[in-house]
Amino acid sequence: MIGIASIPRGKSSIQALLCGCAIAFLAPGPIHAQLFTFSTQELMDYTAQEPFDRLSDGRPKVPNDMMERARELSSEEIWAVLQQRGFNNQYADGFQVLHPGKTMVGRAFTVQFMPQRSDVDDIARAKAKNSGRAGLTNQTAIDMLQPGDVLVVDLFGKKVNGTIVGDNLFYYTMKATGGGGLVVDGSVRDLNGISEIDMPAYFRAVDPTPIGNVMLTGINIPIRIGGVTVMPGDLVVGDREGVYFIPPQLVKEVLDRADEIHIHDEWTKKKFDEGKYKSSEIYSTPTDPKLQQEYQEYLKRRLEEIRKQRSPK
Amino acid sequence: MIGIASIPRGKSSIQALLCGCAIAFLAPGPIHAQLFTFSTQELMDYTAQEPFDRLSDGRPKVPNDMMERARELSSEEIWAVLQQRGFNNQYADGFQVLHPGKTMVGRAFTVQFMPQRSDVDDIARAKAKNSGRAGLTNQTAIDMLQPGDVLVVDLFGKKVNGTIVGDNLFYYTMKATGGGGLVVDGSVRDLNGISEIDMPAYFRAVDPTPIGNVMLTGINIPIRIGGVTVMPGDLVVGDREGVYFIPPQLVKEVLDRADEIHIHDEWTKKKFDEGKYKSSEIYSTPTDPKLQQEYQEYLKRRLEEIRKQRSPK
Amino acid sequence: MIGIASIPRGKSSIQALLCGCAIAFLAPGPIHAQLFTFSTQELMDYTAQEPFDRLSDGRPKVPNDMMERARELSSEEIWAVLQQRGFNNQYADGFQVLHPGKTMVGRAFTVQFMPQRSDVDDIARAKAKNSGRAGLTNQTAIDMLQPGDVLVVDLFGKKVNGTIVGDNLFYYTMKATGGGGLVVDGSVRDLNGISEIDMPAYFRAVDPTPIGNVMLTGINIPIRIGGVTVMPGDLVVGDREGVYFIPPQLVKEVLDRADEIHIHDEWTKKKFDEGKYKSSEIYSTPTDPKLQQEYQEYLKRRLEEIRKQRSPK
Amino acid sequence: MIGIASIPRGKSSIQALLCGCAIAFLAPGPIHAQLFTFSTQELMDYTAQEPFDRLSDGRPKVPNDMMERARELSSEEIWAVLQQRGFNNQYADGFQVLHPGKTMVGRAFTVQFMPQRSDVDDIARAKAKNSGRAGLTNQTAIDMLQPGDVLVVDLFGKKVNGTIVGDNLFYYTMKATGGGGLVVDGSVRDLNGISEIDMPAYFRAVDPTPIGNVMLTGINIPIRIGGVTVMPGDLVVGDREGVYFIPPQLVKEVLDRADEIHIHDEWTKKKFDEGKYKSSEIYSTPTDPKLQQEYQEYLKRRLEEIRKQRSPK
Amino acid sequence: MIGIASIPRGKSSIQALLCGCAIAFLAPGPIHAQLFTFSTQELMDYTAQEPFDRLSDGRPKVPNDMMERARELSSEEIWAVLQQRGFNNQYADGFQVLHPGKTMVGRAFTVQFMPQRSDVDDIARAKAKNSGRAGLTNQTAIDMLQPGDVLVVDLFGKKVNGTIVGDNLFYYTMKATGGGGLVVDGSVRDLNGISEIDMPAYFRAVDPTPIGNVMLTGINIPIRIGGVTVMPGDLVVGDREGVYFIPPQLVKEVLDRADEIHIHDEWTKKKFDEGKYKSSEIYSTPTDPKLQQEYQEYLKRRLEEIRKQRSPK
Amino acid sequence: MIGIASIPRGKSSIQALLCGCAIAFLAPGPIHAQLFTFSTQELMDYTAQEPFDRLSDGRPKVPNDMMERARELSSEEIWAVLQQRGFNNQYADGFQVLHPGKTMVGRAFTVQFMPQRSDVDDIARAKAKNSGRAGLTNQTAIDMLQPGDVLVVDLFGKKVNGTIVGDNLFYYTMKATGGGGLVVDGSVRDLNGISEIDMPAYFRAVDPTPIGNVMLTGINIPIRIGGVTVMPGDLVVGDREGVYFIPPQLVKEVLDRADEIHIHDEWTKKKFDEGKYKSSEIYSTPTDPKLQQEYQEYLKRRLEEIRKQRSPK
């Protein structure tokens, strides 16, 4: 998968896809042989609003520079834009956070498991074999990871035998994604080993058992993590509190709004430091028109500075 | 849907499906317009081992007389065969049981919801409209129910706005399925009204709010209920304890074994009533060879009686 | 308290109370000697919107005939009006329900306890004694109950020593309220005895210990039960699911709307029984204009019948 | 075990046992071959205060007529004496109650299981075999039950494979104990079957799996159920709320006190029915000296009546 | 609020307050316009036993030097005095602790919220406006904080929309209280931002949503946090385990006892280090009279040293 | 206890013990005076498979050098051997871990408490006194600890009054065991103090109350911690995830296998670092025979190096 150039930006939209003129795009075979198929065309249809290029597997490709900026985001800043746009179900929490001080940012690579059921799994494996694929295991998915990915796994909260990785595969995932990250509605094993590896991870539990009694049912299909429907290619941002899954079409707005919130907080704290004002005189909006104007000017100036700083890059 | 004759028994097997010679079978359009598509062909492939006819929508059709016999089953009797065949994940519990004394038996009609996400749902709805379908709501699914069905719904444990039905739709479901039943990993509303309707139901919670903030993502696709992968057409059996989802190919064996267990318990209790034996002398297997023989003869005779009773039907 | 006539309807409104012209009304002394005082004037100010008479202790008095009609209400019917009026926090559940088939209806008589703290309680008791009151116990409150009341108690979920009543005081409460009811965010004791008494009750737990290690901090003050702010005089309606606390000013609208919902369900079920329609063709609104008209006429006719039935009373 | 006469009342006391003059008493071998041995002598030492005869296995034998009277007890009545005597840890709740309206009364027959560990269990089984015993299973214990026993089992809250009985052994237990009862800190299987058998039972959960992955570690040894240390021979009383384990030496006091409480409640309710008194004027003690005297006379008269009723028996 | 001198020590006592001779003391208006009023006079009455000066808002003012000493306290040391004085309900735990290594010490500034209910809140806001106050929000309360305060908030465990502060108001609170602290039976938002601010905080959860769907119902009134009744002005001490709310009248005794416990532990560990004694020979009281004497002399000498160290300050 | 030499290796085996030829071995009296006696002979019988010397109290003595090697173990490495040998119940988790980065290794010294029951405890204390022992408290057990021990305590999950140690006894335990460790299915107190002491500890909760309302019922008897049967002398290994209790007879195999796993992980990561392979080509077994051979050679060489490193010690 490494070295495959990203494909041109998908122009498809809802209208386009319905008149049948969506761009033909053929992904490699493997994702057709699980229980749930979600073809590259379907993936492109359902993420038609995303404004960026696509990865070779059809997922939206939030640009690297935006991912860089996203490292400064906090959950609250993301919430502000998402709730305004009516996306109230994009946040999941209740995880054990491996490295609480380290923000996680990356593109969602989704994997789904379901409880093992041999009659179904036998067929899926036969189909996979027939289509030239060796197996249907967690490694099948992990081997497809790309730089910048966050591995997002639905293991339905399973603890015993719900361990998506131990320290070896966690290390490999770190290498393959360039330190992207892991979110699993399930568990990990070998916490001692994992703790020493510098990649963010969010999991429900830890257990010494290996993964088992489950079957791989989907790769890069829509999955559910807690109360969130996660789409392949969503921008995943994790902080100390939890994890946001941002639809690609909202990433730019989130980042721009965050610039303003950073400046707002900067100015607010500076004012608080002066010790002359009560909180309600300054926050969230200054009550005094003069202060309000002062803030507007500060905001304008700082926004310009920030943009200037960024442009040379 | 009413009145459509069931189609001939599917001969397909794993071998068959892999050489591409599976029977062509076209289901009506609607199930293609959700987020997850699971075509009739896929459904037939993945349930290729089932030995019965199929319903018009492609689901295996466990025969009515077997459903009748299944009303005598208890969870333990089902467990005995399933664990022996390696099916350890077919039981779900933790439900509120509406009518604890009433066994639920029927063919699984599965429905999946996921957390609402407007960018995805807009496309799904546009696709549905384009394919001539009005909407994608709980009623879309409920209107497709057939006699003998149990409605099995994944609402991911949602309580508030996770209410698949109130008393009106519960009543309709009872009418459409002939009192089949309901299993929802979610909630219902209007418990007072529902309590007066004579259909078994298993739910996680009760709430006064209507269903909302979710999107319908699949009808008659494989779904997860607790730790179970449920396939459309599974035989659903619910008692006071919980719900079993029996793969169709195991139904006959389960029923036959249950006959033996019923006779075994009959004989065991009769022996206990004599007051001459300790439990371990009788149960689970008599230790005395003479008693063992007595039991074998009893078993043989009673099995014959039972079969005779059934044949005239 | 028995035999005291109810006082004339409070004309006060928000406007009135702010210009200081609220009706002077002096309640008897006792409710001033707890930790939290909520004078009759305050109670009347904060419930100024209620359109009915008041009880002698200043609580709004939802009329008896409306209470009678309220026995037909279900949680869903109440929800419909309350959410429309922006009252989203008036429902509490998670209780053990003593008599699930028996609807509870009555006027909220509220009592609050807090964890015992002798420095505070000593003063409260000294004050109570000084104002001529013997004690500050659960019986102090229970002795003030009136016919038609539901005793609503905040015992902050306490199980051990959080038992508001045993069977003796439960019996007394039944007698004093005329079978009104009990809601306690805490526990009861003597479940065997209580089970034989014909009054609805909602409690979190059961324990053999008597009430203790708490102090009575308020009678007929605003209290919190789960996620609900309960005001004295709210109409309390409990069914199998949970308990609604309806602000008096919304009672009539809830009851009238419920009439329509009852008729709607009557008609809907009748139509389902005809077996000619899918659920979505009938429910929640008929799609066919002719059916829609048929329904409207049915609704009109039945509403008239119901009103006629009621008027002679 | 059946037909063995009960042995003479143990005269041993703390003093006696310490001078080494305790009565020699040999129980049958089997209870020495588990992990935990608790010899008949130890059992007699640790229950030296009990005033009754003993069963053949050394357990205190609360007399049958007292067991009969105990059927009228409620948890609260037991609590009154036990807390006064400093026994604050004899109550367990949080069970599923099989037949809520049916009081359970019997002598504790205790059984302990621990998580399976083959190195330990192999030795225990070898020892058991060497001492002439066939096995160490739940049936080993169940076969030792006597009329009037309640089977009390520590299965450490285990649900899956923690099912002490299914309907066959539940039926046998009912027969062997004369409908005594079952308390298990674990689960049962075959709830449908069990529900039809007329014996009280208290369990944590229900599961279709059979007992397994545990080892029997003690019969008639001290065990822990929730927050209670249960001794073999304790009087077990279960009602709708939970289960009390009453040390034999306190049984008579509990029963006598209960007589008074019954009469007290009888009188209190009668007075409430007169409608002339507030609850605090009557309950818990009448405030008026005349009423107080009336009550005392009532109590005396009724006590005499009750005793007279009992004596002919 | 800064710079307002503290008022003279309240001489009132239970006796005083009951003869009506309590000191007249008028607090500023704002605290009268919430749902619950607790006048300065009431506050002074109910904290009449406190031996110190009072703050301008009437709360007891535990002196700064005692607050300094209290930084060395642990929960166990406080427990020792409080349980002896019969205060068994002054400890709350189950919080997320922001900076586990940093002890929190300050005077309780209490705030209460209840579930939103517009009929009640409209009146409260009208009253607030009428009495010249702008609003009734979390900032209304936060703007009243004084140096040395710990903000203690009852948000009834609410997570979503139960966030008392984000990083801006947390920063302001830190500034206003001089790093006092925060205890909230509810949540905070912006954990990343808050983590970098050097003030102790105890909260139940973290969420990205802002505060909402609640109404402010009291400032500096008695509130409940877990199983504790918190009075305004209580000395709040938080360590890694939980939070103690110490009535002011017990502060000195707690501190003096803690001195002894510190010395006791110092000596005990020194003895353990000698390696000559079993724990029971030294702890909690030396069994050897000579050691007992050695300890007593050590205690006396160290107490004198400590007091000498303190006096120059 | 200090300075007592360890006794010669027990030759007893299952066969030996059953023909009555087990080595006579007399432990000191104290462990006979609790409710549960488990004589040194019994302890030796039930741990007859252990291949090492024994401690003076009869427990198996896993050698110090093996304990040293065990510091490198992780839960997963232990799991690999134990599940293969059929020991599936030797792992407990759900603890608060005091020093997450510090591995705990030591020999299990077990202690059991049960809920207080004065009739039983009085006898136990009388027996203890008669046999010359002062008391039956947590210190009775703690005073018996030896270097290399881990104190393992069953306090049945008790939080309030379930605190096995505060900082004084924790310090003593650290001294007595040489920093061995503590596992308690219960709580500790004085977390602030304990946090500064360099010994691993695993506990369920923290509380300011001292231990109470319990009775000591066994020292160095088999106990249950979560789902594990712990035998005295088990090798206890705790990491960030949880605690393993390894039967002594499996220690060597676990350690040897761990050497291989360490080398395997070393090699695997090295290969991943080359960036040429997908995870499934390397892990868990290389698919390419040449790589497989490379690995085998690496394994052999490294094992030799490791053993050489160890031998001089």
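So that you can tell them apart, the chains are marked A, B, C, D, E and F in the order they are listed, and the count of residues begins at 1 in each.
Quick note on the criterion: contacts are C-beta pairs under 8 Å (C-beta built on N, C-alpha and C of every residue); 3 or more make two chains touch, one makes a residue touch a chain.
Predicted model, so just to flag it, every value in this text is computed and none were measured.
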| item | value |
| --- | --- |
| Labels of chains that are neighbours to chain A and to chain B | none |
| Chains in simultaneous contact with chain D and chain E | C, F |
| Chain-contact steps, minimal, separating chain F from chain C | 2 |
| Same-interface partner of A-B, chosen from the options D-F, C-D or A-E, over half of the pairs matching | D-F |
| Type of chain C:chain D copy interface by residue overlap (half), same or different | different |
| More contacts between chains, D-F or B-D | D-F |
| Identity of the chain that, by mean CA position, is farthest from chain C | F |
| Inter-centroid spacing, chain C versus chain B (mean Cα positions, whole Å) | 41 |
| Chain centre separation in whole Å, for chain E relative to chain B (CA means) | 57 |
| Chain E: positions in contact with at least two other chains | none |
| Contacting chain pairs - touch in the sense defined above | A-B, A-E, A-F, B-C, B-D, C-D, C-E, D-F, E-F |
| Complex interface listing, chain D residues touching chain B | 134-135, 137, 139-140, 142-143, 166-169, 171-172, 175-176, 189-193, 195, 206-209 |
| Residue ranges of chain C touching chain E (in the complex, touch as defined) | 14, 17-18, 35-38, 42, 45-49, 86-90, 114-120, 122-124, 126-127, 130, 156, 213, 215, 217, 221-222, 224, 227-229, 231, 247, 249 |
| Complex contact set, residues of chain A against chain E | 74-76, 78-79, 83, 91, 93, 101, 103, 239-242, 244, 265, 268-269, 272-273, 275, 278-280, 283-284 |
